[in-house]
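One chain, chain A, appears in both complexes that follow, with chain B as partner in the first and chain C in the second.
Moving on to the complex of A and B:
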């Protein structure tokens, strides 16, 4: 049985597409046959971050309108086995996403894939509603600031009332909180909400904390999902999140202020692992 | 800070505030009997009554006429400071005004005689209360049309609770809560932590700025007292 996971947030620019690419790639690296669908019709970001923008011929809307076959629209990732991307259309608008059409495409994908990752657009309009409607699980991407937390809360309400599982009284969508662009330094200065604040307000189990990281920009500029940069803090944090999604337990990293250089200087640097990354 | 500076630039400002006042309930209009009773009380606890403000409640006197001017004089001699009167009927009102007493609204329970004990029903009746076992998120509205609303979880900013009766939140109340929405002045709101945007009972409401002093406090109840919304702890 395929698991449909929506990556959603309400607010734009918080890291949904970055997360969809990283989590999808992470699951495929673990051997699960995975497809990432870009629901952001009209913008098309996922294929850029995945580095396959020049290979797009057909898209999600073509499938919905029966203008192409699944095999024609799916883009197979060149680096990672088991990983496929279904790009969004840049020339249509979100009304192209009909409930019947989306249901039919998801049903077809479910026959072949173990994980279907839905990269949601921002907002609470049609595109976002369609991305979450059929979900079994939801990753709520939240930045540690008030407006993002509010929007996430709003989306959690919609998951609980407007999804297929809610409407048909099925077991509720499994919710995961992913706190991204987290900066312990800025939290300590009081410029950002702390992890504890966000958990307190949203009360959703924590899947991971992704630090604010240069590696993300570098990765998206070169079209490589950041999880493949296993040296980087963000890459490792996404790796932990994938492991937790699969039921493994891992301590949370990158959530505390790194000790400043003084102790390190006094005690030398015998062990590389102890250095802040 | 800004609010304080505002005050300084203005010569004065009227603001609402809440006080606990002693209420003197009159069961007779016989001033001599009243004087005897009160002198004994004042003698027992002289400190307590030093210039204590009192409200005179006359709602049990019915049609008897009270000599308010003499009553005020008597109370002042005993060291009390009468400020107002409540429970007046139309014939008594001019006399109270003559004595320079403020007219205060009736106590909410003066309409009820004795508290009624409800006998247990012989047949079992399903309760009309609504219990929600999950957090109420921003943008959601929950309405207990026929009874109390009980939420086991937090209520987010931008969420709204409505109830015919009381509202209980076993968690943080961050959104809006409107109890007694069809005018039940006995309705109350209870929550574990108060961070609300708006509180309302029987249509009387306060916004978060009005109860800033209670924001982030725990074990809070909200109720109406003399047509005013009172926010305080139910643990005191």
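Moving on to the complex of A and C:
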């Protein structure tokens, strides 16, 4: 049975596509046959993040309109076995995503794949609603910042009322919180909502914490999912998140300040860095 | 570190302020969300009950029964407006 996982957030720019690419690649690296679908019709970007933008011929909307076969539209990743990408259309608008069409494509994919990752567009309109409608699980990507947390709560409400599982009174979508762009330094200065604060407000089980990291931009520059940079903090944090998604228990990393910095922090400079904003 | 900040400034950090603001707005939005769901359910059930006793067809009834929740100061007021048909109130269970 394929598991359909939506990566969603409400707010834009918080790391949905980065997360979809990383989690999908991570699952494939673990040996699961995985497809990542870009639901952002009109503004496709998953292809760039995955580094396959020059191999797009057919897309998701072509499949929905029966203009192409699944094998023609799926792009096989050249680095990771078992990993496929289904790009969004760049020319159509989100109304092209019909409920019947999306259901048909997902059904067909479910025969062949173990994990289907739906990369949701920002907002709460058609594209976002279609991305989450058929989901079994949801990864809610949130930045420790007021507007992102509020929008995440809005999405939680939509998952609980407008998804297929909600409408048909099936067991609810399993929710996971993924906190991205986390900076322990700023949290310790009282400049950023802490992990505990966000968990407290949203009360969704935590899947992972991705630290603010230079590795993320580096990875997107070169079209390599950041999880493949296993030296980097963000890559390792995504690796932990994939392990937790598969039911393994891992302690959370990159959430505390380095211990060796303690004396420095107490006796160090009383510069502008110490002032809470 | 937190203690130092506390002694030095003795005022909430911006993260504290953010958390407090979020807790207030989110609990407000959640209760509104729940209210609209509950109201829709209640309206549906009320319609069914009314349709059972008054001889009205269900499509007309949804226009003639209005359920509204209003906030007045500390309390909420549930308002139920039923427009009865002009003809004699034909009770169906005669």
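For the reader, a short list of remarks on this structure follows.
As a working rule, the second predicted complex is superposed on the first by the 258 of 277 C-alpha atoms of A that agree within 3 Å, B and C clash if a C-alpha of one lies under 4 Å from a C-alpha of the other, contacts with A are read in each partner's own complex, and residues count from 1 in each chain.
As a convention for this text, a residue touches a chain if its C-beta (ideal position, glycine included) is under 8 Å from a C-beta of that chain, and two chains touch if they have at least 3 such contacts.
All of these numbers come straight from a predicted model, not from anything done at the bench.
By the touch criterion defined above, A:258 lies against neither chain B nor chain C after alignment on the C-alpha atoms of chain A. Of the two partner chains placed by the overlay, only chain C lies in contact with A:192; chain B stays clear of it. Once chain A of one complex is fitted onto chain A of the other, the partner contacts of A:91 are absent, as it touches neither chain B nor chain C. By the touch criterion defined above, A:203 lies against chain B but remains apart from chain C after alignment on the C-alpha atoms of chain A.
Looking at the shared chain after the overlay, A:150 reaches both chain B and chain C. Comparing chain C and chain B on the residues of chain A they touch gives the larger count to C. Judged by the touch definition given at the top, the superposed model places A:161 against both chain B and chain C. Contacts of A:72 after superposition on the shared chain: neither chain B nor chain C is touched.
According to the touch criterion, the shared surface of chain A, contacted by chain B in one complex and chain C in the other, consists of residues 150, 153-154, 157, 161, 200-201.
Of all the residues in chain A, the ones that touch chain C in their complex are 145-146, 149-150, 153-154, 157, 161, 187-194, 197, 200-201, 265-266, 276-277.
Interface residues of chain C facing chain A in the complex, by the touch rule stated above, are 1-2, 4-5, 9, 13-16, 18-19, 21-23, 25-26, 29-30, 33, 37. Across the complex, chain B meets chain A through its residues 134-140, 153-154, 156-159, 172, 174. For chain A in complex with chain B, the residues that touch the partner chain are 150, 153-154, 156-158, 160-161, 200-201, 203.
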